[in-house]
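Please go over the structures that come below.
Next, two complexes with chain A in common: one pairs it with chain B, the other with chain C.
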Partner chain A sequence: MTQPLLELDRLSISYRTRRGAVPAVVDVSLSLNPGESLGLVGESGCGKSTIAFGIMRWLAGRGQIVGGRVLFEGRDMATMSPAELRHVRGKRIAMVFQEAMSALNPCLTIGAQLTEVLRFHEDVVGPEAERRAKTMLSEVRIPDPDRVYRAFPHEISGGQQQRVVIAMALLANPALLLLDEPTTGLDVTVEASVVKLIAEVSRRFGTSLLYISHNLALISRVCERIAVMYAGEIVEEGPTRRILTAPIHPYTRGLIACLPESGADKVARPLAPIPGQIPAPWERPAGCFFMPRCAYAVPGRCDVAHPPLIDDGTGAQVRCVRADEIGPERVAGVAGQPPAAAEGISVAVDNLSKDYKITPPGLRGLLPFAEPLRIRANDHLTFNAEAGRTLAIVGESGCGKSTFARILTGLERATGGKVEVAGADLGQLSVIDRSRDQLRALQMVFQNPDETLNPSYKVGRQIARVAKRLLSLGRKERAQRVQDLFAEIRLPPGIADRKPRHLSGGQKQRIAIARAFVGRPDIVVADEPVSALDVSVRAAVTQLLMEIQRAHGTTLILISHDLALVRYVADTVVVMYLGQVMEAGSTNQVFSGPHHPYTELLLKAQPKLDNDQGLDAPVEGETPSPLDPPKGCPFHTRCPRKVGTICEAARPPEQVTPAGHRMACHIPMADLARVQEKELT
Partner chain B sequence: MARLIAQRLFNSAVSIALVSIVLFLIFEISPETVAADALGQYSTREQRDLWLAANGYFEPLHVRFLDWARRCLTGEFGNSRLYNAPVSTVLGPRLAASGILAACFFAILIPLSLSLGVFAGMKEGSKLDRGISLLSILTTSVPPFASAVLLAAIFVFGLGLLPGTSSMIDGFRWKELVMPVAVLLLYDFGYLTRITRASMADVMQTAYIRTAALKGLPDWWIILRHALRNALIPPFTVIMLQINWLIGGVVVVEFFFAYKGFGSLILEASLTHDLFLLQACTAVSVLIAVGTQTIADIGYGLLNPRIRVAR
Partner chain C sequence: MTDVAATQKKVTLLSLLRESPILVAGLSILGFWMLVAIFAPLIAPFGPNQNLVPMAPPGSRTPDGRLMLLGADHLGRDVLSRIIYGGRTVLTYAPLATLCAYSVGVTLGLIAGYKGKWVDELLSRFADLVLAFPVIVLYIVIIQKFGASGLNILVAVTLASSPGIMRLVRGVVLDLRTRAYVSAAQMRGESTFYVMFVEILPNARGPLIVDACLRLGYVTITIGTLGFLGLGIPPPTPDWGSMINESRHFAMVFPHMAVFPCLAVSSLVLAFNLIADGLRELSLAD
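So, the complex of A and B:
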């Protein structure tokens, strides 16, 4: 019997706070064999990151291991001296963090940050260290290791930064790699390639993985086993396949039901949000921690004693007293609704372009007549948003979707073309020149509610203020309006008297949505409205947004990189790449094909639970710089279906089907349909 | 980087040009006063007009400005009435004296405050941090005129170790420099220490320091290589601003110890309406301010690679 590489033995970690010791991790036992990969999933606040830092013995500030042991290669890490600990950190256990940009020192070159690992762990310096660092950079598929070695972190893209952090972790050839949400904030395509890289290198170097994420679909691509955490403890643990196909614990079922399945739409398979939210450590119920949110809970059984983790005989463990009783049926989701009928056109975008001028770099840019460089952020966009329906704009970061939102909302002015709303060209009308009614008619929901809501005011007051500005309501009417809105976003009215920091992420985003809908707007632009939220909350907020839109008959313009969400919410879809429209059509047309090769790439990069083609999706490459966009078809540099020199030379013609499905590609749509069909079968 | 330097130098040249125009115009508002100051209050109207004509005050404004600018550039600031000597010969020694004071002050301040600040900020809330913070607040809260009296009482009158004035009548003596530098240090080191401490404490909280620690790097390496450079950016600004303050603003200390520096010169010039001297002093102050600011901007670029790509 081999000795496990890492063993957590009834580990408990608490944080000292003003409320006393708050248990963040309770009695967690896990073991990881050499070369094995284990995923740790759960909503934020369930203690998964605390476990990672507990393993590293880096519980900054107030964290403390209050019980249990961490055994690494059979040794209790609590007994290690600082010098031994330093030897383990970086050399035997390496960590990859979320947000690579902040994990890298902005003032040191990538090379310096890589070679210092070798200097202290392997005594290797000078040209040998440089050679090994560059070799590792090419191992993590960085196309130009020499340039990146000399570059500063801000000079390389987000995807490359994350690759550098992975390279840094692998340099000393550690036995265990801890990954804490390593792809948060990356584009789906980049995310897919980073996850693929992690799986590859761990196989090649025989590194064990502990992969922490809130995204089950991502974890299932890399890990052999999955542990699901809830409120500081493990509620279910077992082989990946078994967890995904036959989940037993109601929480695991809930997490799976929140994820949009590929191929499903909102009518056929509605999302089933997990109601409520994770209890704060001091509010955990006496019995099962999940009971207040559980659809299967039975009073008298679930609220009596805290359930133990029981082996179910198939190599998996479940913490549920009703594990044997609850059948395989899924929780019924809220039924989806068929698309709303179009009532004319609400936003007409006609040949809209936006150029940004930037001064050229270097001394040349100082010359008074230096020709400014142009970045074409929006290149002759043409599409319509139908009144009362949802239009989604999708694409990777840098595709110009946010620039479009900025023009529509009046933060930027268009360089050419028109955006017509209610007879006025808003493209040339900046926000300070708009009439109050124009402002009222068009509102926004932003990605991060913390940046939308002023932290120093009570949320009710912030909503009332909008009612005053946009609707000129009196004091009494304002209070009434706030109350009505709170009912609509399903928050208890008492929350109006709280400040944003006392609310959860989901509650804050509900408030942000209420704020947008105060003035009964005709159009709401939602820029990644749920991507900062937890998976379970995402589903609920998405449904709320759809309901409130339907009730008000509002036109919703949804900007998102999450195709699963788009498929679920939108009626029509516009796919953008490098400022141009690549494909547009009804949701059905865009998702069932024929697909533009770029849309196809995005679809393949989506993390899916039922992903049988696994990691072989061709997702390499990054968006070229908009400063120097490719000639011809902008996508030809990454296109897996490039037909030849025509793609490099000529801008593709726009093909339109009678049903209104548009696509800019040199390959005839019928041919695309044929090859894509063939690959499926 | 070359572009940043070129840009900053150009900006400073523009600011100096603009300020010099303003400076010129201020002294142009009433030429009569200038003439009266130059000839004395008992001069007649005709005498003043003659003087004004002789000194070119009736020429067109732009001609006079260019002439003035040319003289400034070659160091001809006119005559100081107070000292009855060319302004440049008065100004030179005073600037040198202030320069020596400033150099001694910074030579102690920078290593002292930066190291205290870094030690305090390394472990926020530690005993060392609390001690250093308390000391800084205490010393900064005593104004220089009070600490000058106090220090003089102890070291000059009590122990008799140091001279009570620093007028350097018998030539330059290091001993006379001790008291002014000590008073300035006592007042100022706490400020820079606090800034450094806050900045260091912030840096120690960042994700990249955590990354460095979890890479298994030793503490001294993390501090010296990862934290220090990032932590020095805010104190660097403060140091540069302190130079301006020190050159012209330490009147109290210079006066208390009868130190013949630039600060007391400005005070004398303004009390006695010595216009040409005042004008020259102002010009020098502007030059120093613009110069330190330019150095600060370029230094930023060196400390922080993200700034090097200037827009």
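So, the complex of A and C:
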């Protein structure tokens, strides 16, 4: 048997805080063979990033390895001198972090930063270094290595920055690559291509991978083995296939059950959120850490002793005393409900456009009457939202979906066209000009749970303030309303007296939903309401949003890039690209096809659990700059089904089926249906 | 679900000392001067304007045998007593002047940052204009024009400091106004005043509190400078700056007349700076 490349032997890491030592990682043992790839999944706060920093011995001031060893190539990292460590870091172990922009030095060119790696670790300089750097740039699929080599980090896109960071990590040909959420913050399409790249290059260079992510679907694309972490320890570890198809530990089951299955909708298979939240290190129970949230827990067995990690005989390990007893059945979700019947049109968007003026870059911008550049964020949008139902707007970042939300809610004014709500055109009516009833009728749930509530005030007070402004309720009635809403969002009323910083992301987002529904609005706009949350919390918040919407008969406009979520929640879907509507129709029409080539691309990029050949998705290319959008069909630069010069020259006609499925494409829908059908079989 | 709030620690002097000894040091010095100022009549051995022995060196005695610990000045006034009473002057005017400067600076900064566009342009250019003007000249112009008085010191300090405060607030507001909770407030029809002062301002407090402590130090120096230039609180009110000014002709021969007021000014400025550093340290620790 070969010697493992990396071995963690009962590693424990604690952070010193005001509360005393907080154990972040407890007794973690892992081994990684040369060329192997291991995924580390778990919710935020489970200690997965701490492990990566522990391996590199890079724990900032307050972190400390309090037990166990890290063996790299058979040597204990703790015994290495600072000079040896410096050699190992970067040369033998390389790391790719979450934010590529902060990993690159904004003052140096990409070339300078790449060749520095070679100079430092291999003493290679001059033309040889430049040649190798450029070769590596083309290895990571950067289309124009010569230009990028001379560019500064801000001159290339986010996806390219992450590629450059990967190139930099691979330049010294390390034996181990640590990836800590390398694709967070990237668009799905870019994410898919970066993940594909990581899998390819690690195979080609024989690099071992330790891939840290909260996204089980992404990890399953890259890794041969998966270790699931919960509250600082490993609860299940084994080959990817086995973990995904036959998870044993209730937490792993929960993680899988709360992902919307591709192809499933809210009627067929409701999401099964994991109740509760991950316990803080000082709140961990005596027995099994997961017990308070576990559906299979048996008092007297699970809360007695802390369960050990047991080998189950198939090359996998599970930390559960009931591993042999609990059957393969799924956790039952909340029963699904049929889609609400449409009750007329709630929001009618007609030829809506929005231009942003920006000062031209460089010296020209300093001229007093310089012609401002125009960015068309919304380009003649036309669609309707049906009352009491859910309309989803999907697209990559920069497609104008959030701009639309800002116009609808009055935070921006449209440049042209109309948005009609209850007989009034709201397109030109900004918040200050809207009547109180118009404000009440239209509320919003924002994306970032950390920004959505004012950190200075108790959350109950913030909700009561809305009741005062929009409903003119008296003091007593306000308190009652707050209490009712807390019951509705299933939070204990005591939370009302806390400030946002004492709440978890999921709780904050629930409060934000409550705040939007205080005035019993007719329409709620939700801009990526769950994208910043952990997977298990995501399911619960999604469920809650849908329930509240149904209870109030509210029209929900959901803005999201997550197609699985959209398919699960929405009744109708609008697909946007560079400010234009590419496709619109019922959820069923959009997802079962024929698809617009852009929708097809998004669907292929979507990470799926049940996708064996997931890596062949042809998702190269990035959104062009909205400052200089392509002529003709905006999507022609990336379209895999481009038919010819007509795509570059003419704006595609809108095709409409009798059932209401709309699509802007030069290829007739029947033909699209035929080719897409053929590819599937 | 356990109660997070309940696990919060109570702030005690001991825990504060462990977290930030710098802050405790600063607070101690400030506390010392505040006690001295409040109980001045009880502590001071002589009245501030009582004429005893001119130019008496430190440690000498009055004819009736009372000790003049820090000596007396050219008019025979006890230096220690004048420093003790002078603490009252500076600890009244420095916080008052800072408060005035903050009221003006914060309001303008909120307006400039929140309203943006031409309002911001106008206010910012005006602030640049004031900032570009040499501060000392500005003080001299104001006080020469309106005469030396406590009120005019407040006016001068406010005019000179508020543009800097405005810029600081404007910068913080530019960031905070894009927060979702501000949009949420706008969407429930809150007035501009409410959004600026109730939604945004409390969240800008972190950098503002630190800056206010630093600025208290600057203002202390400014009041000293004005006193030194003879533009401060009119005599014979004891004031550390004026004490240094009055003694400068004799400073080569009788350094005690200038050195002790100088030390007093430095220690108070140091206290404010330590407090600012300590607060910054604490805010970074969370």
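What we mean here is this: the second predicted complex is superposed on the first by the 670 of 681 C-alpha atoms of A that agree within 3 Å, B and C clash if a C-alpha of one lies under 4 Å from a C-alpha of the other, contacts with A are read in each partner's own complex, and residues count from 1 in each chain.
As a convention for this text, contacts are C-beta pairs under 8 Å (C-beta built on N, C-alpha and C of every residue); 3 or more make two chains touch, one makes a residue touch a chain.
Here the structure is a predicted model, which means the values were calculated and not measured.
Of the two partner chains, chain C is the only one touched by A:R434; chain B is not. Judged by the touch definition given at the top, the superposed model places A:M56 against chain B, while chain C stays out of reach. After overlaying the two complexes on the shared chain, residue contacts for A:R69 are found with neither chain B nor chain C. Legend: residue contacts after superposition of the two complexes on their common chain; A:R89 is shown touching chain B, with no touch to chain C. Applying the stated contact rule after C-alpha superposition, one finds that A:R301 touches neither chain B nor chain C. Residue ranges on chain A touching chain B, taken from their complex, read 56, 58, 60, 86-91, 94-95, 97, 99, 102-108, 112, 116-117, 120-121, 152, 154, 165, 168, 358-359, 361-363, 365-366. For chain A in complex with chain C, the residues that touch the partner chain are 18-19, 276, 282-283, 409-411, 431-432, 434, 436, 439, 442-444, 446-448, 451-457, 462, 465-466, 469-470, 492, 494, 497-498, 502, 515, 519. Remark: chain C residues 1-5, 7, 9, 19, 179-181, 183-190, 199, 202-203 touch chain A in the complex.
Note for the complex: chain B touches chain A at residues 2-3, 6-7, 10, 206-208, 210-218, 221, 225-226, 229-230, 303-306, 309, 311.
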